[in-house]
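Take a look at these structures.
Look for chain A in each of the two complexes below; its partner is chain B in the first and chain C in the second.
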Partner chain A sequence: MNRDHRQELLDAIQQADRAGANAIIQDWAAGHSYQQVVSDLLSPTLETFGRLWAHRELGFSLATGYVAAKVAEDVLARLLEEAGARGEAQATLKGPVVLGNVEDDFHPLGRKMVGAFLRADGWEVHDLGVDVSPAQFLDAAEAQGARVIGASAMMYTTAKNAAKLREELERRGQAGRIQLALGGAVFKLRPELVATFGGDGTAPSAVEAPALFERLWQCATAQRGEGAP
Partner chain B sequence: MTASTRPIRCIACSIFKKEIEALRAAGRLDLPVDYLPSMLHMVPERLETRLQTALAEARPEGAGATVVFAYGDCCGHMEELAEGPGLARSEGINCCEIILGSDTYRTLRREGAFFLMPEWALGWKQIFVNQLGLLGPCAREFMREMHTRLVYLDTGILPVPEAELAEASAFLGLPVEVRPVSLDPLLASLEQAAHAARAHDAE
Partner chain C sequence: MNSLERVLAALQGQPADRPAFLLNAGLYGARLTGAPLAEHYRDPRRFAEGQMAIRETFSPDLLISPFMLAGVGAAFGSRMSEPRRNPPNVAAFAAPSAEAALALPLPDVDSHPQLLYLRESVRILARTYAGTVPIIGLLASPLDLPPVIIGLEAWLDALLFQPDAARALLDRLTPFFVALGRALLADGATALAITANLASPFMVPEAIAREFGRPGLERALADLPGPVILHHGGCPLLPHLTGFLALPNTAGYVLAPGEDPAQAREILGAGPLLLGNLDGPGLGDLTPEAVGERCDHVLAQRGADHQFILATSDADIPLDTPPECLQAITEAVCRAGRVPI
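Let's turn to the complex of A and B:
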């Protein structure tokens, strides 16, 4: 009997069962190349997961989001390990980008999930952690050559600090050249705040962050008068 | 009716109920209070609706009381809800900052503390398992990645729930620290909010 690995993987994530999810991926990979895991199993499953999670379907909790991100990290680690064993360079293809929670915000989960999904999608991610000042964001972005900053805030009170990050971008003449992605619970509840506080874009869930960062990277590249990377 | 004679009410999260009632019983706080369940925190949209209803009930036809919210920034429109003549909110991002004061709260958060207020410590399993879905190894992995320790904020009203804290510590894989806290920052926050609401009302 043919197994529906995508559904099984979705079920395991929904049950916050990281080990079970990885066993399902291993089983699928036994009949395929592990390189196909991302494109043929993980990405389609996470797309479905992201859709259900964004709509707060029953059974999709904070824990399931965490496990989905961990499973993406596990797959990436395995891919890097295999590439290393073959003597291939472990170079990432996209980025770099910078992530952090805005000043005074101490809620790391959403940011960590975004980082996991970006890395699994091949982005070089520099994660600055929680309570990051505008200057720290810009210093890191300029030092790394990042064209996208992802800033997270959970509440309105701390989301207001994203406006200071926008001011710092403007002050350093980096507006447009470095795009600002805003995310976190309050932006999900009130997406209009993204524009209010100077963001260039947002995504309805962490799973959809890679597509957002792709779009923003292209905007920054166009702003610099350069071609596609 | 002038601002100074207008009746004043407080709409508070039940997370503060024992502490506020202790302040009232000790004669340190003269403020009638309506409490809403703290579990509304888990569904901010529902909390917002309940707060709007509570506010409308406290101020029928716009001629009602000056209203103080004993809340953190717990729903998407909290700031707007507590804006306007005769309205104010206790200062602080969340209940833990209101209880601890800003400096202590930030210091502990930077150290990776996860706070347990007395009411939520007693119902920790309901929150972590039923609401957040943290089961089995996932609970430990998650908490250890995000935090360094549990900090129980002992406001001195209830006995420290040693058994529940030990169970939570084992389940979540983090050590627990019991931190005695004064009710003074909560009292100061409520008094400051009441003053601000009345001053705003008088403008």
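Let's turn to the complex of A and C:
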């Protein structure tokens, strides 16, 4: 009987069963190539997961999102290991992006989860950690050639500091050329704050960050009058 | 009626001259006194002066201890951030994992400076307002202590992947929580408001909430010799409220901003206090008139519910909130009770 690996993987993540999820991925990869895991199994499953999580379906918690991020990290680690065994560096397929928690925000979990999903999707992630000043965000983005900054805040009071990041983007003439993604608990609960504090976009869950960054990267590229990287 | 009588009436489901109300204004006290935040969150006298100024200015019926969970983390060895515009946070954790945290000594509630700051704040307020204003001690349940000692990520790791280590850490932290809770009650706190985020299916899978979180919470609360108010802690409470019913010593529930008190009352039935549902951090985005309208609306809706206490929920009211917005809450409860301000 044919196994529905996507459904099984979704169920395992929902049950916070990281080992079970990895076993399902291994089983799928035995009949395919491990290189295809991301595009053919993990990404579509995470897309479904993200949709259900964003709609706060019962059975989907912060912890299950965390497990999904861990599974993505496990797949990435395996890919890096395989590439290393072949004597190749695992190529990042997509451009450099910068992540951090806004000034005064010390809640790293959501940001780390976003980083895991972005890396699994092929982005080159430069993670600046917590309590990052607007100047630090911009310095890093300019140094790395990043076209998207992802800034995270958990609470309303710290989310206000995202507006300072927007001001710094404007001051340096980088508005539009570097797009600002805002995320974190407060933006999930009150998405209207993204526009209020100068964000260019948000995603309803960490799982959906890669799609958001893709879109924002294209906006930045268009703004620069360039083609795709 | 004084504030204590008003709140006791609410506890007993009796009518009062006006609805009682609470402001999560621990931080905001520093705006009124002008104290630098570093001092406000280090010197219990300064914090208490802030609450006295809040009482003097806005007349809330309950006052609070510092809402500074990072300070409890610091008592275990975590490093706190310098408070700039917000209460201090944890900048570096005391241990990297649940297993490593088991080796940390438990701080002594009678001598550790961070814990004495909390306790002395309560003592000063309790002495000042004995018999007139209830004082609420704010604490994290033992389930929510690890995030300020090892971080949320390491705690999730333990809960999900190392259940023995998670259980061992919870067993170790529960007596500490009980000792601190008992001490705050002995210092004069009328009740404790606690968070239990890591017992919520919003945060952890249902099975962990049911088999680990809820029993752990029950065990901790059963050993407290005073009433407890369960605070939503930033997680939606309403969808998960049934899982928190009939907890030992639990006298009330604080809803998240915007959650429907009518629905919550339907689930709870008569008996427990219901507090909420104003968005404290967002008050400054509204005009005082809009704040007043929101209060009028919820107070009218809860008119017959004598066990409803209007309260700002979520995090602290930010420093830049215009005082007129807080005054609008005071005016609304007075309107609802038809008594002079």
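Simple rule for what comes next: the second predicted complex is superposed on the first by the 229 of 229 C-alpha atoms of A that agree within 3 Å, B and C clash if a C-alpha of one lies under 4 Å from a C-alpha of the other, contacts with A are read in each partner's own complex, and residues count from 1 in each chain.
By definition in this document, a residue touches a chain if its C-beta (ideal position, glycine included) is under 8 Å from a C-beta of that chain, and two chains touch if they have at least 3 such contacts.
As the structure is a computational prediction, the values presented were derived from the model and not from experiment.
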item	value
Fit-or-clash call for chain B and chain C when the two complexes are aligned on chain A	clash
Which of chain B and chain C A:Asp131 touches, first, second, both or neither	both
Contacts of A:Arg119 with chain B and chain C, given as first, second, both or neither	neither
Partner chain(s) touched by A:Ala16 [first = chain B, second = chain C, both, neither]	both
Touching partner for A:Tyr66 - first (chain B), second (chain C), both, neither	both
Partner chain in contact with A:Arg147 - chain B first, chain C second, else both or neither	neither
First, second, both or neither for A:Arg111, with chain B first and chain C second	neither
Chain A positions touched by chain B in one structure and by chain C in the second	15-16, 18, 61-64, 66-67, 104, 106, 108-109, 112, 130-131, 155-158, 185, 190
Chain A-facing residues of chain B, complex	44-45, 72-79, 93-94, 106, 109-110, 131-139, 141-142, 145-146
Sites on chain A touched by chain B in the complex	15-19, 61-64, 66-67, 70, 104, 106, 108-109, 112, 130-131, 155-158, 185-186, 189-190
For the chain C and chain A complex, residues of the former touching the latter	81, 84-86, 89-91, 151-153, 156, 159-161, 201-206, 208, 234, 239, 281-282, 314-316, 318
Chain C partner contacts - residues on chain A that touch it in the complex	14-16, 18, 56, 58-59, 61-64, 66-67, 104, 106-109, 112, 130-131, 154-158, 160, 185, 190
